[in-house]
Amino acid sequence: MRFFDSDYLEGAHPAILQKLMETNFEQTPGYGCDKYCDSAKEKIKAACKAPQAQIYFISGGTQTNATVVDALLASYQGVIAAQTGHIAAHEAGAVEFCGHKVITLPQQQGKLNATDVQDYLETFYADENWEHMVIPGAVYISHPTEWGTLYTKEELKNLSEICHKYDIPLFLDGARLGYGLTSDDTDVTLPDIAKYCDVFYIGGTKVGALFGEAVVITKENLIPHFFTTIKQHGALLAKGRILGIQFDVLFTDDLYLKISRNAIEKANRLKEIFHKKNYKFYMETPTNQQFIVMSNDKIKELKQKISFGFWEKYDDTHTVVRFATSWATTDEAINELDTIL
Amino acid sequence: MRFFDSDYLEGAHPAILQKLMETNFEQTPGYGCDKYCDSAKEKIKAACKAPQAQIYFISGGTQTNATVVDALLASYQGVIAAQTGHIAAHEAGAVEFCGHKVITLPQQQGKLNATDVQDYLETFYADENWEHMVIPGAVYISHPTEWGTLYTKEELKNLSEICHKYDIPLFLDGARLGYGLTSDDTDVTLPDIAKYCDVFYIGGTKVGALFGEAVVITKENLIPHFFTTIKQHGALLAKGRILGIQFDVLFTDDLYLKISRNAIEKANRLKEIFHKKNYKFYMETPTNQQFIVMSNDKIKELKQKISFGFWEKYDDTHTVVRFATSWATTDEAINELDTIL
Amino acid sequence: MRFFDSDYLEGAHPAILQKLMETNFEQTPGYGCDKYCDSAKEKIKAACKAPQAQIYFISGGTQTNATVVDALLASYQGVIAAQTGHIAAHEAGAVEFCGHKVITLPQQQGKLNATDVQDYLETFYADENWEHMVIPGAVYISHPTEWGTLYTKEELKNLSEICHKYDIPLFLDGARLGYGLTSDDTDVTLPDIAKYCDVFYIGGTKVGALFGEAVVITKENLIPHFFTTIKQHGALLAKGRILGIQFDVLFTDDLYLKISRNAIEKANRLKEIFHKKNYKFYMETPTNQQFIVMSNDKIKELKQKISFGFWEKYDDTHTVVRFATSWATTDEAINELDTIL
Amino acid sequence: MRFFDSDYLEGAHPAILQKLMETNFEQTPGYGCDKYCDSAKEKIKAACKAPQAQIYFISGGTQTNATVVDALLASYQGVIAAQTGHIAAHEAGAVEFCGHKVITLPQQQGKLNATDVQDYLETFYADENWEHMVIPGAVYISHPTEWGTLYTKEELKNLSEICHKYDIPLFLDGARLGYGLTSDDTDVTLPDIAKYCDVFYIGGTKVGALFGEAVVITKENLIPHFFTTIKQHGALLAKGRILGIQFDVLFTDDLYLKISRNAIEKANRLKEIFHKKNYKFYMETPTNQQFIVMSNDKIKELKQKISFGFWEKYDDTHTVVRFATSWATTDEAINELDTIL
């Protein structure tokens, strides 16, 4: 059975396993205080052109989102996100579990619109009762979004300016960041993200690592005692080196971008195939996720041979499904898809 | 200055102060274990025709909502509410502070539609990823709503049936319950509410008490150790008798309904006046709150002589304002309003 | 039946009820933004000789403790308290419910020893693993303590110095503050408390009010957006004036101290009686609570005629019980006790 | 530099890396719904002789403790633990962050005494004010303890009986379980633990895995919707297979016990050496951690050549330090230690 459900179906890039093998019996201190974490941090700071940044490694995306958002917010604050934002919809209330409301605004193709954020904040403080409501304390966006779409540099800049106007940090969820950075249709670079975001994370789990995300705090002293907060959230890995080694490999010789690019190339072929066969796109995106409207009968038929993801109900007889490529997707897989569709 | 901002502008019904005077030097045990609380509980159970109910007294509405919702939900559950529900909009995230998401659905004139709840629950469990999302564990409605509107008996019945179909409790916020029960346009009685809701509260703060709400749990053993949960939430009043005495008075000789009715009669006159003077209603309601669209200039002018509440921006030159009557509103106040408008 | 169980057995001082009567039909804004709250705040600041202080009124003690402690602490911090501190033992985990650990240190007669706090903080930061532990972010003390004992000015000063050395606030729970200030054996005045504590509260519930505590924040900008935090905790009373009126009365013509003194005088008589009748004191205190060791048989016998509080098991045949006087205790009550014991 | 600081200094057992290599490009579903997790679960159930058990894999120990404890407790409950319990001392308040108090009892060599638990529970419910306190809802123990000590089968049985008498679950933290099961001085087997505990976890991070713990729920329906709770806590690994593969390898041909035994054998040699050289033991244990009292000068000298862990201050000139062996400790390391000490 061939899977196109998501981008975390395989293990890790071989170079990562190779490095884990080579270093396996070295002894290092725990909790991220080892030379591999140090080296990875330096390489990430260089790639971000952000020498002042502080880097932390966390095991997974939901954990990273909840830990960062909780660390950014005061007890009485909430975080602004698009209705379709991962923290709003698919993290089982991890942010609310930390005591914070996710303030949802309408989304445009999965994106948060700077004007909507501006309007929300203006209206909020214009409301005589604002002190009786959750005070917005941060803005969360994902890039690529949950719908595979991308912010332009201009859009990021605008969001950043509004956040700073109201003195609240902008946090970018980069679970699939590589697939955004290597898209054909983007003008956003890693240094741009480091420039416009106060905090963001570089996704490893979906981009070639066994697991792990690299949190980049671009402003100094933005989050005091983040180490303890990570521990408190159960997000501090004892063998931090395992995360350090993976990101050290991913940020050596641009491996992160190179393997990300594979997902884009395979996605481009995949889109051609769907067009060629006249499938109806629900959302055609510049990244590694494509959303197709399919009849439930067709889905049933295809599921005999390939696996892909349910996304949402379209109508009584049709469903929106997701096909995702990844760093590991092969030409064989795409060819097979071509013959099956 | 005459105030029409809300229904908690005055103190308490004189009979309550009188009773507090009479009983002032009696010694009673604390925490609601006194004879006045016992007596009030019996009278409330009788008025609800719910002998099996358990009654608890809590100081305020937000506190009651957060404590009840938290007690009803498992850690991984959230509560469904209308977007305009008080817990969703105007309680500073008190429910999220307890770790639970408020799952908001669209509102119809401030009401939650049974069909929308049904659709949400169906769609939720039809989603292959539902276990990654906040599991709906209760439904919150307010009656009257934040927009002064009322559920019909049929609407309550439908909501109740859907909740029970999915085995989740229905919780009714009755901060202004008296004004709903004595409206000219309602077919809902207190026993109806006790019949269709698993938990609800009878508002005192806005209906003649100095402060205090009476929580009615209509199902036995629905909330184990609620006493301790109330304490944990800081919602247990040491001198519980103060709440017991107030509700004992309010539920003697139908005082609660009698004084509620005053607010309705004054609201009816108020509506006539606004119509007579051709004011534009944003929402004309069968209860004690009326919402008017006014030009900002007119508001500025009127504010010289009377006080009323900002509700929301209507357009750049107009605002929706609220005029509320209460158990304490006098004919003089209405007459004065008539001359001023 | 005569009760000596606690100091919240009666209603309120008659002057308070009188004032509630007089002001009952005045209309005021809600949430503490009324002239009575303003007046009470000014009088409290004057009594504290702390013109820069910010004052907030909250309904009850547990609620005040949890709200203030949560507002003082960062998410990753805990609060230091004596093992017998009310927040550690008898508030149903209200502080932990807010996500914070209560770090308990040994108590000396219910008091927290400055040296113990100093040692704890030194040892904490000397531990190589301190970043893996709860970071101490505030110190909680009660005055009088749960055992009726009092800090000396010197002890308060020492605690204050250690807190400031480590840059953490000192919070004093004054649920029974009046009974400490009017004790025969104290050198601590209200201005002393305002001088040495960063936050404290003046208890009303146990000292003549129907309910309510006055939080005094002596440092400017110590707690941003405390109003919203109070609301989020469900601790914001809609009719704030009810609290304002009570404290305005209590802080007019030293009423608070005058009525507190009554409890001390009655406690002095009560102590004489217990001594005269050769009862064994478990803790004889300079305030309104006295702790006696009694045989369980004697307790059973006395309970026929008077009520008093179980405190803790002493041995298999004896129990420590508490007798408390209050602002409302009469000579008749003490005389009756004399005849009964 | 040779490290004896802890048991998580190296990577993983080579067989695990080998298997990760072999399976690397297989595609599997995420979130633990893959064949490797299924296989590992079956093997663990067999090893536990607990066919009815439910198994979940979580990345780390603190995360596992907080997630399980939170899932076991009602909102108003706390967990009983020894003062030295990991959740009480070294997890940055992760349990309190979930809203629950850790109720600490005195420890005997790191162990919780069944009689102390019994006494605590009896005294708790004998206290007239118990409903004002945190209700004990679970008991936490670690085996081996933080001090390297072990419960006997009899002690486990007694704790289990008391827990069940009060209808609260017994949870065992097995972060170092392998080192307990293979000690020379234990009569406790894995099936014994499955028999006496309601929930426990089998530690991988410290016993041969890159990371990961296996939670074993031995009672059916003890924790509803645990999957969602894990997700909510940010503890659900996207590539669950990585955990499944590791535990599948560890539970094939008793690898888990075999490699655990290595740590014990090396610890035995290490103990001989310390005795031979007349070092003073603070705690000599039957497992892989040994605690030595050393002069601070000696520590300074040794730290030139080897690394070991600070544990706690002993006196002004001495410190308690920890030496730990692990599945990966070699004879060379022990020989080197012998020459250095």
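Things to note:
A, B, C and D label the chains in the order they appear, each numbered from 1.
Everything that follows uses one rule, which is that a contact is a pair of C-beta atoms (placed from the backbone, for glycine too) under 8 Å apart; a residue touches a chain by one contact, two chains touch by 3 or more.
Bear in mind the structure is a predicted one, so any value in this text is a computation, not a measurement.
When the C-beta pairs in contact are tallied for B-C and for C-D, the bigger tally goes to B-C.
Seen from the C-alpha centroid of chain C, the farthest chain centroid is that of A.
Separation between the centroids of chain B and chain D, computed from CA atoms only, is 49 Å.
One inter-chain figure worth recording: chain B and chain C are separated by 33 Å, centre to centre, where each centre is the mean of the chain's CA atoms.
Computed from the mean C-alpha positions, the centre of chain C lies at a distance of 41 Å from the centre of chain D. Among the residues of chain A, those in touch with two or more other chains are 75-76, 91-93, 97-99, 131-134, 228-229, 231-232, 236.
Contacts from chain D toward chain B in the complex involve residues 31, 70-71, 74-76, 98-99, 131-135, 224-225, 227-229, 231-232, 236. Taken in their complex, chain A has these residues touching chain D: 1-3, 5-6, 8-12, 14, 17, 20-21, 23-30, 59-67, 91-94, 97, 205-206, 210-211, 228-229, 231-239, 241-242, 328. The residues of chain A lying in touch with chain B in their complex are 75-76, 78, 89-93, 96-102, 123, 126-129, 131-134, 310, 312-313.
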